[in-house]
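What follows is a set of structures to go through.
Across the two complexes that follow, chain A remains constant while its partner is chain B and subsequently chain C.
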Partner chain A sequence: MSREVSSVEYEPVIGLEVHVQLLTQSKMFCACRADYQTAAPNSRVCPVCLGLPGSLPVINRKAVEHTIMTGLALNCRIPSYSKFDRKNYPYPDLMKGYQISQYDLPLAVQGHLDLHVNGHTSRVGINRVHLEEDVAKLQHLPSSDGESYSLVDVNRSGVPLMEVVSAPDISSAEEAQVYLTTLHSILQYLGVSTGNMQDGSFRCDANISIRPRGSPEFGNRTEVKNMNSFRSVFLALNYEFERQRRVVESGSQVVQETRGWLDDRNVTVSQRSKEYAHDYRYFPEPDLPPLVVDPAWVETLKDQLPELATQRRTRLMQDYKLSDYDASVLTASRDMADYFEAALEVQPVSEDARDRLAKSVTNWVLGDLSRLLNMDNTLIGDSPVTPPMLAELIGLVDSETVSVTLAKTVLEECFNTGKSPATIVGDRGYTQINETSSLVPTVLEVLDSNPKAVDDFLQGKESAAKFLVGRVMRTTRGQANPEMVNQLVAAELESIRNNQSAKS
Partner chain B sequence: MPLDREQVEHIASLARIGLTDDEVEMFRQQLSDILEQFQALAELDTAGIEPTGHAVDLRGVLREDEAGSSLAAEEALSNAPRREGEFIRVKAVLEE
Partner chain C sequence: MSTGVPLTIHDASGMLARQEISSLELTEVCLDRIQQCDDRVRSFITVTPELARQQAGEADRRIAAGSARPLTGVPMQVKDLICTRGVATTCASRMLEDFVPVYNATVAERLLGQGAVLLGKGNMDEFGMGSSCENSAFFPTRNPWDLERVPGGSSGGGAAAVAAGEAVYAIGSDTGGSIRQPSAMCGTVGLKPTYGLVSRYGLIAYASSLDQVGPITRDVADSALVLNAIAGPDPRDSTCLDIPAIDYAAGLALESSTPLGRGGTSGAVRLGVPEEYFTDGMEPGVREALESAIDTLAGLGADVETVSLPTTRLALACYYIIAPSECSANLARYDGVKYGYSFQDTDNMWEAMEQTRGRGFGPEVKRRIMLGAYALSAGYYDAYYLKAQQVRTLIRQEFDQVFQKVDALVTPTSPVVAFPLGSKTADPVEMYLIDVCTLPVNIAGLPAISVPCGFSQGLPVGMQLIGPHLSEQRLLRIAYAYEQATEWHEARPDL
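What follows is the complex of A and B.
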């Protein structure tokens, strides 16, 4: 008896929860500095964030504004009445035994985010954006007698944390990744978070279940945690989709549970520890009266919203005649778009020249500069080649002071030394040779010492000319104006050909 | 409505507190008494009154985002039952 292969096609149903640390000077409910990442352990703590009895929280205005602005950028409604609640659970990272969070009346609700995936647009609902506090950092260690213990650093406790919860509208790992990069870019443009995933400023958990394609019902969901990069979210969701599909196709049911992604093994594993029933016993935070959000305040924040990636892309395409592709890549990161525009603003130029300059800057930024930055693991905001330096280099190429080939070498030296391109060109003698008189002797010399190539050319092998041009460029250490060398070599070969036909 | 032992044990487990049988009984009685006191509130007619998390008519007050000083590390750690360097040391939480 053969078993029939299942012909049902499944699709994943994915919802994402993103936790974002907000960029503020002070913590969520006290005046301790929020720069816990660089501070000595337990040096950014006070009675409030240590959870000492008798202390009282006071809400950070900036954190609320960052959350409302994020809500607005995600097309949310901002209710005029919001409140904080206690989420109770005992764990050593939670100093008070509860986390101040928002339960039923978050700061922003019912929004959406439009995604551009493979040339089409899809809309993902945003259920809510709420504000809470981060918890202390635990370090788990084995002790000498074999028992393990934990070290607590309270610095992170009380750092403002915003949670963005999507509707389960995402139907592929790829779409999930685009959702995250789009959200990430919005946060960057708003300037509300560093969005750094490695240091935990931007963390993502995913809820995923599967269903037969097109069916309104779906099975048990699992919650996937421990994904530390966009790439691992993509891999983990694909893995989890396949795992659930196999479970269902083997006739079993997916167990509703929390699973952790293991980056080194590329699998998710059950985190049974989290399976005991959560009973958070939410109740309104008695230490904080409800928050009345004045619509006039929201309007003011709306006016302060900066230009976001989508708008900037459109503007760059219009203002600088960039292609859709170039504009998309440049604006995906605010820092890169800022760099691009800074390089263009170094000197005022005519509209025509500006479009050409824009194309040059784009090519350098997306090409050689990005390559150098990636190799060196440096962010474009920290680039040793500053926008004025890049503009200077492009100027040197345009004025034919340095050849395009050598300009790449100059960029690399500029990147490594921080010296200005003009200085490097001067110091190294990279100045382009643009005078025919100084190039002709070299061209003749190269033709003389490569009789075979000259012969090949005369036999009709056109590519031999290219070879000879290359030789001239090499002899001049790349300094010759390539266009000029092309012309000189061609002219010289032509005259040899004419001489020969005159003789015969 | 008095609590039963199971409810007390559930509350104790949520708080990660181990109780002896006698203590379960003691807290069962004490917590039941407290709940009974609150039952007095049920005598009021609350029809037509909107539920609220806060009885006092206060609005949230916001603080400007300005950083102030924190406790000195020695002071911050002075209550810690156990330390290791600048850290508070705690028993590992068993991931059951």
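What follows is the complex of A and C.
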């Protein structure tokens, strides 16, 4: 019996709902500034976003454009007629007692997103992209007498919120993660959102059920909330898949409910049963006339669509002969790809030189620069080493003004001080010694003071030569041209060997 | 009035311009009148004498400086659901008893911008829900023609104040007849403009797709003057129409004994009398007054014909789905958390919200919230809300069709005259039926005006003229011609 049950192989069926705060100057339905994150509590408010009696909403055109552009980037159809609706539910963070949202006629429908997972492409349907308003922020605090109380910050109320709803086409936690990073990258490329997950600009809820692999049926689904990073989405979906599989294999049914992911315990817990789900009593928002979306307007927005990550990756591979891997990593973030191209455009160079330069920039950006940025928790857009500085450093290495070894030190100093690489090299005397005449005395001196290593070499231990080269480099504080030191040491050792054999 | 105080805006405006009276004097006359009779009429929820005197002083300086507008220095009352900055705006509800808006409604801003003088805020049925002013949470207003009778509603305070001579004019709002029906019952002129002609920004919403602000005045010329001041596009109200301004007061008077007859270039005004508006429950005295008024209109040269609007009978049912549905959402914000009445004698958030709403709202408001929440709920939406919207389309189309044939419709405003206080409060449906002639107009978003057209049992009767969208100018001209041919608008209650 148990063998039969365990012989069934299950697969998860996952659909994702992503809420994205849009980057607009003003809020969704009023003129208040939308940049509430850094503002003092309740300082970005007016009668409209406070929901004061008598106030009326006015649609933010920019937010509609951002949503249509997102819809276009997700290959959606943009219907010519759309409208807003009221979604009714009581809660102290909802100023009007209803949220202005879109119910049956969203701005964008029936799109898809192609994902590249493990070298193959899979297509996930996009059911809809719609526009709504964010709610106020509640802060629950304990008071000194042990009773808890709540504070309301209305700044976030009315901030434009876009919801992207996928079809239940995702069949693994890994694929869900790729879906999110791909969508995230698109939003960044479009410039419609910061996409910051920590501050809530990009929030993901997941619907997940399981079924025997290949079956057309869906089981009862759960909705998973409170996932605050791509990583926690991955972990939560894997957890939930396993949990549902155990429930089904034990002969029970999965309860249709909302579950919250607990980041510190790596589990999902039941939040509320869907049986008591709200009836939102949606109806058309009478304060806003329907939106008639002129096809000519959509065409204009289509023309304004920037190059997205996938297209840019292909272009970088073609234009700069980058590997698929390098191009993918560089274009995953628009800022990184922008940095890369900016560094290449500092000086016009021949096509051949440009490909070599591209390789160098890639190595620096993905290697030492990324390491420094990560350690310092800095975004590449804010890097103290600007693209012209990196280009300058690469130029210093190529012209053999500074050794590759020292260049890493220069990058670090440049990162910490913001001084230009040329200035650092000059100030610190890092200039590479490229003259044989200057290096020969040092080489002879090192050989003289390390007779044992010379002896080892003469006994046939080739690695002793490397030790001697290292000694020379150290003596010259890294400034010696390593290639040249190699040659000089080899030549000296050779001449000692010849002398010895002549004697004997 | 025996003191020679002007009764209308156009008279007051002229006297102020000629400096025969100052705005301060005019304001004091109104404040005295309020002092003298408002303990009986009770048309004001709040009186603002200090503010009024201050505004009157400013108006007098403006008049002296020669920059007066038609409404400068003329005292008014504003319905208590139109936000006035710094002046309590209660909606005649316990819920907002202490609510003081931080901003002015667009309408208030435009009137005050013209230099109008605010005497105070008018009583009404709670949140505009009612037809008698008896649903005010504070006290009912009484009809100046008979203090034992209601003034109509919901803008009963405005009509009573104008009829009693407490204010030169009043600003009301009309969701199903709330300007026109009390105007008919108090013998004033009430105009409900086309939906979207006047901004709703700052009008505390009852039913957003039906609400419209309009004037209550002593005569038609005043109605046009107030409409001039309040109409026009407002970027803060997306449902407000973006149309060029019209001078509604211009061209009212036509030098002709048959002003509604064939003119130089235009044919006679075609008036339709819809038979469905002259049936069940109509008082004989109202019918007689209307028939006589229609004869007068014909005598002025109008072509009168009987028309049929069969879908009208569905308007009441349609209204009592749509209005409560919208109100159930519009009134959801009153939860005791942010402003207004708040029940705090509990530790439980949900109980606090429930108790706040249970205690803060009156029975009619709660009835309509429940009706609306039910009509919108899952499983019922299609049968109620959606069906009502479809009927709404039919009613609109029927009006559109009839306006292919006629320029305007003539109907009674109310099938009955003012009734005794308490006589219809037991049965909500009986109360709802009083608005049967006015509701269809809001459903279709049309303009309509009620003008005095006679008396029945010693109480005023109102005639309603309904026109197609944005036909205010035409309606005002017909109403003006009628008014010039009759003296009903000059009758005053003995108070």
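One rule holds in what follows: the second predicted complex is superposed on the first by the 495 of 504 C-alpha atoms of A that agree within 3 Å, B and C clash if a C-alpha of one lies under 4 Å from a C-alpha of the other, contacts with A are read in each partner's own complex, and residues count from 1 in each chain.
Keep this in mind: contacts are C-beta pairs under 8 Å (C-beta built on N, C-alpha and C of every residue); 3 or more make two chains touch, one makes a residue touch a chain.
Worth saying up front: this structure is predicted, and the values here are computed from it rather than measured.
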| item | value |
| --- | --- |
| Contacts of A:24 with chain B and chain C, given as first, second, both or neither | first |
| First (chain B), second (chain C), both or neither touched by A:51 | second |
| Chain A residues touched by each partner, larger count belonging to chain B or chain C | B |
| First (chain B), second (chain C), both or neither touched by A:123 | neither |
| Partner chain in contact with A:213 - chain B first, chain C second, else both or neither | neither |
| Touching partner for A:279 - first (chain B), second (chain C), both, neither | both |
| First, second, both or neither for A:59, with chain B first and chain C second | both |
| First, second, both or neither for A:287, with chain B first and chain C second | second |
| Contacts of A:92 with chain B and chain C, given as first, second, both or neither | both |
| Doubly contacted chain A residues - partners chain C and chain B | 47, 50, 52, 58-59, 88, 90, 92, 97, 147, 152, 279, 281, 283, 286, 288-289 |
| Chain C to chain A touching residues, read off their complex | 81-83, 89, 91, 96, 99, 101-103, 105, 200-205, 207-209, 235-239, 325-326, 328-329, 331-335, 337-339, 347, 349, 353, 373, 376-378, 381, 385 |
| Complex interface listing, chain B residues touching chain A | 10, 14-16, 53-54, 56, 58-71, 73, 76-77, 79, 84-93, 95-96 |
| Complex contact set, residues of chain A against chain B | 24-26, 31-34, 40-47, 50, 52, 58-64, 83, 85, 88-92, 97, 139-140, 147-154, 273, 276, 279, 281, 283-286, 288-292 |
| Residue numbers on chain A that touch chain C, as the complex places them | 47, 50-59, 86, 88, 90, 92, 95-98, 147, 152, 279, 281-283, 286-289 |
